[in-house]
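In the two complexes that follow, subunit A is the common piece, with subunit B as its partner first and subunit C second.
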Partner chain A sequence: MTHKDRWLLWLFLAPTLLLIAVFLYYPMIGTVFESFRDTSFINPTPRFVGFEIYEKILASRDFHEILRNSIIWTLGVVILQNLLGFAAAVLLNQGLPMQGVLRAVVLMPFILPGVVTAILWRFMYDPQLGLINSLMMRFGFFEDGAAWLASSSTAMAAVIFVAIWKGFPFSMLIYLAALQNVDQSQVEAATLDGAGPVRRLFDVTIPAIKDVILVNIVLTLILTFNYFDIVWVLTRGGPQNATHIFPTKIFETGFGQFRFGEAATYGVFSIIVLAIFVALYVIVQKSASNRRPVA
Partner chain B sequence: MKHTATTRFGLAALQIVLALFVLLPFFWMISVSLKPATEPFAIPARLWPTAPTLENYVTAFRPEFRTYFMNSIIVSGASVAITVTLALLAAYSFSRGKLIALTVLMGAVVIAQMFPHSAIIIPIYKMMRLADLLNTYTSLIIAYVSVTLPVAIWMLRGFLIKLPVSLEEAASIDGAGPVRVFWDIVVPLARPGVIATAVYVLIVTWQEFLFALSFTSTKEMRTLPVGLNDFIGQYGIRYGELMASSVMVSVPVIAIFFFLQRYLVAGLTAGAVKG
Partner chain C sequence: MATVELQNLAKNFGGFTALEDLNLMIEDGEFLVLLGPSGCGKSTTMRIIAGLDEPTSGRILIGGKQVNDIPARDRNLAMVFQNYALYPHMTVGENIGYPLKIQRIGRADRERRVREAAAKVEMQELLTRRPAELSGGQRQRVALARAIVRTPQLFLMDEPLSNLDAKLRTVMRAELKHLQKELATTTIYVTHDQVEAMTLADRIVILNDARIQQIGAPAEIYARPANVFVAGFIGSPPMNLIAGEIKDGIFVHATGSLKVEGEPDGAVTLGIRPEDISLVATDKADLEGKVYSSELLGDCTLINAHIGKTLIAAKVRPEDVREINTPVSVGIDHSKLHFFDASTGTRRDNAK
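Right, the complex of A and B next:
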């Protein structure tokens, strides 16, 4: 593109920049403004209240439960999804006969719409009719069905399990692409030096793809923290807040009770918590890789 | 990689476990969707119905469901067309322009893709209400285009960067104007990237739930995910119909995915791995 064609460049960019500014950046700032104003269904005229809603939320039990749930949920899904995704990628990169078909088949949960996934798993978890309890009864684990989603001690684990089932194929996809780019001569050199498969994995493969691991974890961290559909359809945040995370709480407050000010304040809190999450992870990752130089 | 016979056996066993973990829920969904409404649920459940039938599909394909389907096709179709067009134009500018301002703007686009939808939805909802667009296709299409644009630009830019600029320069020297260079050279070459991006946007918008749930208020405007969610309350215990509806919602995207898989896989991994 020559200097005099610059007008075209800006013309091409104009609609995109306009949309992103109006519908992504403005709402991001708008949420902060919204959080300083109190509105409710009965009293729809906004009233400026400063940090009043923040104080109210910080003092509430709900907030602490949601914060705790969000941390458990995010860490649980991100760690397990990446471990499983990585393991599956290694497994499907061994040159076994069925690997081509399996690589495509394993991606299916990732394509399956979130609401369908949630409905399907609600049914899988059904105490009487569900497949999980049926199989467990058949193999004699217990007589009566456990109510996985209705009991506050198992609900979170059950929801995390579904998120991993749907999410690990995406992690696998990225890891698989990274594994295929690993320099094979290094792997062979390590083999000649007498390194077994486990040592090769930890000493050659993982250091070679550590940037991809960083990207993958940050990506799944953000996606998981902002998850809505599966959690909402599976449990509506219940039982008794046991699976309420920031997005479900924001939706319930904003569109269930039309308390926009409070919903927006939860939105601001969620952005702050997410930012802390990502920052902490990047710091930990940086200091870890500084301590252990790659050979 | 060479493996001993024992290792191969172990790895094959692990592959079967992985396949079962992934496929069992799908199998169950199809099995229940084929179970006649008259066949009682056995406890413990039977894995496959004794007399499979399509009657659940016929019942589930009721008028409301057809409306939801049409709405999903309109909203997703329009979103895919608009997002891919705008993203291709923007990605071209981002990949060919050499201004510092563009680098900064690209950074702003990448950051925008991390904005939590639940955190930005209330101001967007208020804008739509002000413009009297709630409960319309337009509100959903605008929201979907805006939230899918950042990733679409990122995917297409990764693709365009790898195309040789020499072809465009040659055409330029031959006297082609910048618009012709874009239309005759860049657009045809970008086809695999465009397909990948279109599939990605389709998968995202076909299942989008939060905006659709918040912006639509009547049955006439519901999309499939919201409609399915409504079914839970209405037909809670009729799992056969619910599963048949679920299969019908999923088949279009899964079919398109299998058809165009290699494009999508290449498009999604290019940025993360090379970037």
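Right, the complex of A and C next:
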């Protein structure tokens, strides 16, 4: 690249970088700034308090519950959504009859807006009127309706289920696109080398789309960790704290209780987690391309 | 090692006929080349033998046993793909050893056999490289090593040399032939390159339009092409074909005539190879034409000349260079004429 080219490169990048700076990094720094100030209804004039809010939050039960919930929620959704999405993609890539129709049907949940999905599933989970319970009772699992969303023991699982139902077509779509790009002659070579379908999957197909799998996992990690609408509409973080995760807590603290300092502090914690995810991605990517198994 | 037999093999893709009533017997240890222009059904034939595609009808026998219902991975045959189809995330050693790993052959045994196979194709120094770090010729060798490592009963090769440059192709061709004779494994080799076919094959099967045009040893196919398609396909440049009619021992074409004693009357296509044509004095000319191009190739001169509207090629002595657009007198070796029926295109003396 010549000197002039480099100059041009920066010129073309400048608008994008400027937009990112203004709309991403400025609010992010603002959030950090806000987390050091005690702002609330009671004292409307913000006061610099240093790490006071951090100390308070780290010592609170809420924080530990939310951290635990976020881990269960994120891992649960990411793992199951990717497994299900990958399995569905493999199935749809087999050349089944009516593939187009099948694909469209599977994609439906992805197209529904999150809020609509959540409202739909509130009806599904309804203890008296819901489809889930009426099915369960018909097949004799329960005598009377379980309150899926209202019981602390089932609420998280119920919410995770909805998120996966809505999210797996997205993963499936990406995996399907990747599968269709796998060099078929490699798969055929493995067949003639004696490999069965499972070995072909693990020895040829998965290595071929390994990068896509990684990107997909990191993408769903980030999206899931930031998920808000479904959880909020289904449970508002309840019962008690059973389904509270960082985004719902931030929203509730900030816009429900107007404790902006606390909300910002929770925000800073999310930013740290997300930064770790991104760092993780970079490390995994690098080591993946450097890895060299011996014969 | 095994014989291969195809009986009444046919393949349709929807309404399109890719193969029609193919019958073929391949001997044990034979090097058989499927030759034909692009799209004639060579790969389809090979994929059906491999079990990667199913025939629409017909039987496939390997070693005398019908294999129609045996899945590809149990047919114990090795295939070399045109794009090599190496596993990019595995090293050369792992690529070559993969079929053995599938067979659960122990590590020590496996490594020994990988080294042996790699040595046969001179890749033993590069076992820890990745395919991406190899040249085209080296990748080709790895693909070959992966095929020979487990001593299959049959080798299938689909245009394995077509991605290599001309010089390397010549080298690999010789290596391949040598290797095949050494291993004595039945080999089916697909190519559209007639030079490859002529040099490698014990027998050539010429395919066109979903059908076998001729089966025979290279020399036989060259000497006695079964129809005008084969005549026009084999040889570089291929046989000259001149349309005309025989009447009372005289072949009459658009711009002249030729004595062809003993040939029965009828509409025919006359075939004559470029090397059976020479430049002669005007009074001895069989044909009169006008020079279209004259190329000195080193060991001979290639002259293209218009005889009426037909362009014919002649391989003549190197010193017989001619100016473009000058008249030229052409002599034909009368013992080397080929006659094909004008309507069916088949060789006339094939019936005899």
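We adopt the following convention: the second predicted complex is superposed on the first by the 256 of 295 C-alpha atoms of A that agree within 3 Å, B and C clash if a C-alpha of one lies under 4 Å from a C-alpha of the other, contacts with A are read in each partner's own complex, and residues count from 1 in each chain.
Convention: a contact is a pair of C-beta atoms (placed from the backbone, for glycine too) under 8 Å apart; a residue touches a chain by one contact, two chains touch by 3 or more.
These figures come from a predicted structure and were not determined experimentally.
Partners subunit B and subunit C fit side by side in the overlay (superposition on subunit A).
After overlaying the two complexes on the shared chain, residue contacts for A:A189 are found with subunit C alone; subunit B is out of touch.
When the two complexes are overlaid, the chain among subunit B and subunit C that reaches more residues of subunit A is B.
Rounded to the nearest 10, the superposed model shows the Cα centres of subunit B and subunit C diverging by 80 degrees about the centre of subunit A.
In the superposed model, A:E252 lies in contact with neither subunit B nor subunit C. Touch criterion met: A:I20 reaches subunit B, while subunit C stays clear of it. Using the contact criterion defined above for the overlaid structures, shared-chain residue A:V116 touches subunit B, although it does not reach subunit C. Using the contact criterion defined above for the overlaid structures, shared-chain residue A:T31 touches subunit B, although it does not reach subunit C.
When both complexes are overlaid on chain A, the residue A:L219 reaches subunit B alone and has no touch with subunit C. In the superposed pair of complexes, A:E65 makes contact with neither subunit B nor subunit C. Residue contacts after overlaying the shared chain place A:L96 against subunit B, while subunit C stays out of touching range. The superposed arrangement places subunit B and subunit C with a least CA-CA distance of 8 Å. Residue overlap on subunit A between its contacts with subunit B in one complex and with subunit C in the other: absent. Within the complex formed with subunit C, the residues of subunit A that make contact are 183, 185-186, 188-196, 199, 203-204, 207-208, 210, 292-295. On subunit B, the positions that touch subunit A within their shared complex are 1, 3, 8, 11-12, 14-15, 18-19, 21-26, 28-29, 32, 41, 43-45, 86-87, 89-90, 92-94, 96-97, 99, 102, 105, 108-109, 112, 114-127, 142-143, 145-147, 149-150, 153, 168, 172, 178-179, 182, 203, 206-207, 209-210, 213-214, 224-226, 228-229, 232, 239, 242-243, 246, 249-250, 253-254, 257-258, 261, 265, 268-269, 272-273, 275. On the subunit C side of its complex with subunit A, the touching residues are 50, 52, 72-75, 77-79, 81-83, 85-94, 97-99, 102-103, 111, 114, 127-128, 130, 146.
Taken together, the subunit A residues at the contact with subunit B in this complex read 1-2, 5-6, 8-10, 12-13, 15-17, 19-20, 22-28, 30-31, 34, 88, 91-92, 94-96, 98-99, 102, 104-109, 111-116, 119-124, 126, 128-131, 133-135, 137-138, 165, 169, 173-174, 176-178, 181, 212, 215-216, 219, 222, 225-226, 228-229, 232-233, 246-247, 250-251, 254-255, 260, 263-264, 267-268, 270-271, 274.
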